Amino acid sequence: MLSTATRDKLKQVSTATLATALYKRGFRNQYIQNVHPIAFKGENMVGPAFTLRYMPAREDLNPVSVFQDRAHPQRKAVEECPPGAVFVVDSRKDARAASAGSILVARLMVRGAAGVVSDGGFRDTPDIAALAIPSYHQRPAAPTNLTVHQAIDINVPVGCGDAPVFPGDIVVGDGEGVIVIPAHLADEIAEEAVEMTVFEDFVTEKVLEGRTILGLYPATEEQTKVDFAAWRQEKGR
Amino acid sequence: MLSTATRDKLKQVSTATLATALYKRGFRNQYIQNVHPIAFKGENMVGPAFTLRYMPAREDLNPVSVFQDRAHPQRKAVEECPPGAVFVVDSRKDARAASAGSILVARLMVRGAAGVVSDGGFRDTPDIAALAIPSYHQRPAAPTNLTVHQAIDINVPVGCGDAPVFPGDIVVGDGEGVIVIPAHLADEIAEEAVEMTVFEDFVTEKVLEGRTILGLYPATEEQTKVDFAAWRQEKGR
Amino acid sequence: MLSTATRDKLKQVSTATLATALYKRGFRNQYIQNVHPIAFKGENMVGPAFTLRYMPAREDLNPVSVFQDRAHPQRKAVEECPPGAVFVVDSRKDARAASAGSILVARLMVRGAAGVVSDGGFRDTPDIAALAIPSYHQRPAAPTNLTVHQAIDINVPVGCGDAPVFPGDIVVGDGEGVIVIPAHLADEIAEEAVEMTVFEDFVTEKVLEGRTILGLYPATEEQTKVDFAAWRQEKGR
Amino acid sequence: MLSTATRDKLKQVSTATLATALYKRGFRNQYIQNVHPIAFKGENMVGPAFTLRYMPAREDLNPVSVFQDRAHPQRKAVEECPPGAVFVVDSRKDARAASAGSILVARLMVRGAAGVVSDGGFRDTPDIAALAIPSYHQRPAAPTNLTVHQAIDINVPVGCGDAPVFPGDIVVGDGEGVIVIPAHLADEIAEEAVEMTVFEDFVTEKVLEGRTILGLYPATEEQTKVDFAAWRQEKGR
Amino acid sequence: MLSTATRDKLKQVSTATLATALYKRGFRNQYIQNVHPIAFKGENMVGPAFTLRYMPAREDLNPVSVFQDRAHPQRKAVEECPPGAVFVVDSRKDARAASAGSILVARLMVRGAAGVVSDGGFRDTPDIAALAIPSYHQRPAAPTNLTVHQAIDINVPVGCGDAPVFPGDIVVGDGEGVIVIPAHLADEIAEEAVEMTVFEDFVTEKVLEGRTILGLYPATEEQTKVDFAAWRQEKGR
Amino acid sequence: MLSTATRDKLKQVSTATLATALYKRGFRNQYIQNVHPIAFKGENMVGPAFTLRYMPAREDLNPVSVFQDRAHPQRKAVEECPPGAVFVVDSRKDARAASAGSILVARLMVRGAAGVVSDGGFRDTPDIAALAIPSYHQRPAAPTNLTVHQAIDINVPVGCGDAPVFPGDIVVGDGEGVIVIPAHLADEIAEEAVEMTVFEDFVTEKVLEGRTILGLYPATEEQTKVDFAAWRQEKGR
C-alpha cells in the first residue's frame, strides 16, 4: 500500500536521489535503463507497479483479429490496471514494434493510472505527448505490437530495462527516467530522499554562491552542518 | 506513380496506422528502424523513394578531392533526385560519419525533394532543422561522409534501418518515424489508412469520454458500429 | 595554450567543419561518438581538455562514504579543473550510472570550466539543463556513479566516445556534438575552419538561391571563385 | 504429445531443414538466435519444452542462502522437468551470469531430460561438455546465476533467443543450434522434413557429381523428378 | 588478374602480416570484422572477390517458390562465380538467417571457387565443415535466407564485415579470418608480406631462444640485421 | 604477494567456484566478460595482474615506426612484466584490431609470464594456440594494434571485460574464462574454493548416482552432512 504521505514525498524528489538512497541499502539495478519521458509534464509519476509481460510473437497466434477477444491479455490488463498504478510493460527491451499506442494509453489515463512505462517503444507518440499521463519508453515504434510482441501474463514479476519489477513495487518517474522502489522500502526511502533533497538544495545554493564541494558535499566539515542547520531554520524545511 | 489523391491521403495518416494496414497484408519490416525527424514541421513527408547506396569507404578512394568530380555518385544523386521524391540513403545503420550535410539537404529542398532519410546520421543538423524539408536520421554525425561511407549506387534497391526500400516505393514520415509502402499497394493502403484513422479518431474521442476499449476497439459490439456510423454522419467524415 | 584568437574562431565554426579540416590532415576519429548537448545554449563550448578516467567500480571500494575523502579523484578533479578547461570524463561509454550530477557540474561552472563531456550519462539533467555551462553526454543516468564507475586517474590521456583525448587537446562542442583537436593543430585548424565557414555560408546562400552544387561545392568552376571573391568583398568577410 | 515416430524423424533432420518447413507455413522466428551446442555428440536433441523463466535479480532476494529453500524455482524446476523434455531457460539473452551449472545439468541428465537450452550462458562448461546430455547456450558464464538472474516461473510461455517457446513445443537441436516447432505441427513438420532431407541428400549427391543447381534445386526440371524417383528406388528411401 | 606467383605467395602468409602491410599504405579497414573459418583446413583461401549483395527481404517477394526462377540472383551468382574466385556475400552483418547452405557451397566447390565468405551466417555448417572449400562466416544460421535476406545484385562493390570489397579485390583467409587486398596492390603486398614473414619467422625463433624484443622487433639494432642476414643465408629463404 | 600454497589451490578450482566465493563477499563483477581461452591446455592460469592500458589510437601518433622506440609502452610492458604475472590488457572491449600478436606473447612466455588476457583480440592466434602460455581474448583480430589501440599506461588500475583489475590482483583462468580476485582476499578465497570444490565433487558423484539435489545441494539435510563427512574420510580429501 502506497500511503498518501509517501506518494507526496516521492512527488518531490528525483530518481537520482532515490537511486542513491537505494544504493546505500545495496540496490544497484532498480533504475530502468534506457527509457525517457515522452513529454515530461513537470510532475513526477508515482504509483505501485501493475505489470504486463510480453513474449516474442508467434505468427499464427497474432493476426489482428486477436484483439476481438475481450480476454486478450493486453486489453484485459489495460482494463484491470487499478487507479493510481503505474502500468509497466516488459517488452524485452525490443523497440522494433509498439508496446501500445495512444488509444490504450488514453484509456489508462481515463481509468486513473498514474503512468505507463515500457522498455520498448510506444506508437502514436505525438498523441501520447499530448495526454495528461506520464509515459516513458525507449523510442517511438510505429509497428503494431503483434509484429514482435505477444501479451502473455498480467501482473507477474518482470524485468523492465534490466531492472526487476514486482507487482506493487513503487515506481517513480521524473524528467530523467524511472526507478523502482521495493514495496517494503517505499516509506523509508521516500523519507530519506526528502531529507537528502533538502540537503542537496542547500548544497546547490552554496555551490552557486561559490563554495567548494570539499567539506560541503558530503558534509564532512563541522561548519557545513552548522550552516545547514541555520539554512533549514531560515527556509523552514 | 503516386497520385495526388493518394499523396493527400498519406499526408493525413500516421506511420502507426500505415504499419497496421501493412501488417494485415503480411508486411512486418517496412518501418525504418531507429530514425526520427530532425525537427518535425507538423506535416507528413510523402513521396516515392529515390535511393543512394553507401558502402564502407576505402581510404585511397576517398580524399576530399573526390567531390571535384561532378560524376561523384553522392553529388550526382542529389542533382538527379526528382522533385517530389524522398531521398533515401542506405548508410548501413552506421552513424559514425555523416550521410550528408546541410548544403546537400538544402539543394534537395530547392530541387523540390519531398524529404531525406538516412539510417545513419546527418551533419549540420541545427541548419537542417531550420530548412523546410523533412529530414530523418539516427543521430547527428559531424564527420564528413568520406570517413566511413563511399557513395556507390544510385536508385537501386537498398536496405534502410532494416527495411527493404525499392526505388518508387512510397515513403511516409510523421512525427515518429518513417515507413515504406510497396509501390503497388500505395493506393489501397492509403485508402484503408484514412478509413482506419476516422475510426481511431472516433475511438479516441469515446475513450476520452470514458468508454471502455472492450467492444469498442476493435468494434466487436454492435452498438459501437451504430455509434460510429452516427458519429461519421455528424462529423461529415 | 589556447589563444584568445583561436578560441574566438572556434566559437564561430561547427564541429562538422572542424571534422573536415581534421580529415584533410588524416584524422578520422576525433569526433566523440554518441554524445549530444543536454540543452544547447546557442554558443559553442571551447577549451582545453582536462580529463577524468573512470574504471569499473569494485563493490568494497565504493561505499557512499568514499566521498568523505577529500582526495577522492572525482571530487579532486572537479576542484582542480582549471578555469577555461573542458572537463572530459572517460566513462567507457557506459551510461548505466552517472558520470556526475548537477552539484559537481554547478561547481565546475562556478570555477569557470568551459564545459563538461562524458561518454556515459549525467544525472540531475533537468538541473544541468538550467545551468549556464555546456554539458554533453550520452543519456541521463540517475544511479550514483559508484554503482558502475570508480574515478581513478586525473588528467591522463583517455578515450571518450572512441576518440583519443590528451590533456590540453582543444575540445569544441556545438549543437550536434563534440570534437577534439590535437593541441598542436588548434591554431591552423581554427583558421582553416573559419575560412571554410565563410565559403560554406556563400555556398548555402547560392544553393538557397537555386544554384546547382556542381561546380559550386567544391568550387571547381572559375565562375564560382569569381562570385565568391565578390561576395566576400560585399559581405566584408 | 510427442510420438516415438515423430521423435525418431526429428532425430534425423537438421534445424535448417526444419526452419524451411516452418517458413513455408509462415513461421520466421522459431530458431533460437545465438546459441550453439557446448559439445555436440552427433545426435539431435529432441523433446517437448519445459521452461524456466528468469527475471533480473534483486540483491536482497538473492543471497546464496536462497538455495536452502527446496521450493526455489530453479531447483524445483530441475526436479520437476519430465523425462524426455528439453529444459529451456529464458535468460533474457544475458550471459553475464550462469543460467545453471554442471550439477544441475547432471541432475537433469540423470532424471532423463532430453537436453538443456539457455539464451544466456552455463557455467562449468568443461564438465557439461563431458556429460551425455545435449546442452546449448550463448557463451560460458562463470558467475552464479544469482548475480543477474532470479528464477521466477516454471513452465510458462517464454522467449528464448528471440523465439517464442510454449511449454510442450517440440525443441530440436543439432550441430548448429536449436529450433522450436509449435506443438500442433510437430508431426507434419517432422514428416515433411524427412521427405525434404531425402531430396536434399539426392541433390547433394548430384551436386557433388557436378550437376548444376538450376533445374535441380528446386526440382523445376522434369528430368530431376525422374532421376530423384529412380534414386529413391535405388536407395530404398 | 591474380598471377600464380602472387597467389602462391598469399598462400604462405597470414592475414595479420597482410594487415600490417596494408596499414603501412594507409588501409585500416580491409579486415572483414567478426568472421571466422567454419573448419580451417590448414591452407589459406586466396582468390579474387566475386560478390553477392543481399538487401532486407520483403515478405511478398520471398516465398520459397522464388528459387524456381533460374534467374534468381542467389542461384545465378552461384552458377556464375568464376573458378578460382572467392564468393563474398554482403549480408549486412545479419546472421539471423542463412546467407547460403551446404548445397550451394558444394556447388561453388565443384565449380572451382576458391572459398566463400559471409558477414552473416551459413546453414548446414556441419556439412560445410566437411567440404573441401574454405568457408568463413559469423555464426551458424539455420533459417532459410528468404527469412531476412533478398539477393539483389551480383558482383557489385559491397561491404562485408565493415570492409569495402570491390569485385576483383584479392581475398585472403587464414585460420583467423579474412582480409581484402585492393586489386592493384596485390602483387606488391604479397611480395612484402612474404619478406615480412621471413623476418617474423626469424624473430620468433630468436624470441623462443630467449632474446629480448627490444632492438630485435623491429630490427633497430645493427646486430639484428647481421643475424637476420646470416639466418636467411643458413635457411635459404 | 601470491604464496605458492595459494597458487596451488587456485590451480585446482574453477572460475565458477571462485565466482561464488566472491559473490558471498559482495563481489559481482570480477568475472572478465566475453573472453575465452585460445587453446585451453588443461591447467589453470594463475598469477598477479600486470596491466597495460590502451586508449583509442590517433593517426599521427601511430605510424608503424613507433615500435622503433624502445620505450614504447607496449614493448616496454612486455619486457617489464614480472615472471609469474598475468599480462592483462585493457582494450576497451574493442576487437577490431589486435591487442598483441604471437611474437609478443612468445616473449612473455619466455620471460615466465603466467598468461595473457585481453578484452579485445589477439592476432596470430593459430601460433598463439601452439605456445605453452595460457591466452584469453574475445576473438581473433588480424589488424595491427596501431589501427585502433595506443598503449598509454603500464600497470595502472584498468577495466577488462567490465571487471575492475588492480595491479597485483590475482587473476585465474580456466577452460571457461577469467576471474579477478582482489589481492587481499586471494588466500581466503583460494582456501574456501578448495573446500567448495571438494563438496561439489561429492555432490556431483551423488547426483550421477541418482540422488536428488534437494537437501543435497546445498546440504540442508543432516544426512548429506553425514554422507559428505564419510566421503571425505574415504577419499582422503
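Chains here go by letter, A, B, C, D, E and F, matching the order in which they are written, and residues are numbered from 1 within each.
We take it that contacts are C-beta pairs under 8 Å (C-beta built on N, C-alpha and C of every residue); 3 or more make two chains touch, one makes a residue touch a chain.
Computed from a prediction, not measured in an experiment: that's the story for all the values here.
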| item | value |
| --- | --- |
| Chain F and chain A - chains in contact with each | C, D |
| Chains touching both chain A and chain D, listed by label | none |
| Residue-number overlap at the chain C/chain F interface, same or different (half cut) | same |
| CA centroid of chain D to CA centroid of chain F, Å | 31 |
| Residue numbers of chain F (touch at least two other chains) | 28 |
| In contact (per the touch rule at the top): chain pairs | A-B, A-C, A-D, B-C, B-E, C-F, D-E, D-F, E-F |
| Touch list for chain A against partner chain D, complex | 25-30, 55-60, 92, 150, 152-153, 156-159, 162-164, 166, 182 |
| Chain F - residues contacting chain D, complex | 14-16, 18-20, 23-24, 28, 31, 33-34, 36, 40, 174-177, 179, 200, 203-204, 207-208, 210, 212-215, 217-218, 220 |
| Residues of chain A defined as touching chain B within the complex | 64, 67-68, 70, 75, 78-79, 96, 98, 101-104, 106-107, 110, 123-127, 139-144, 146-147 |
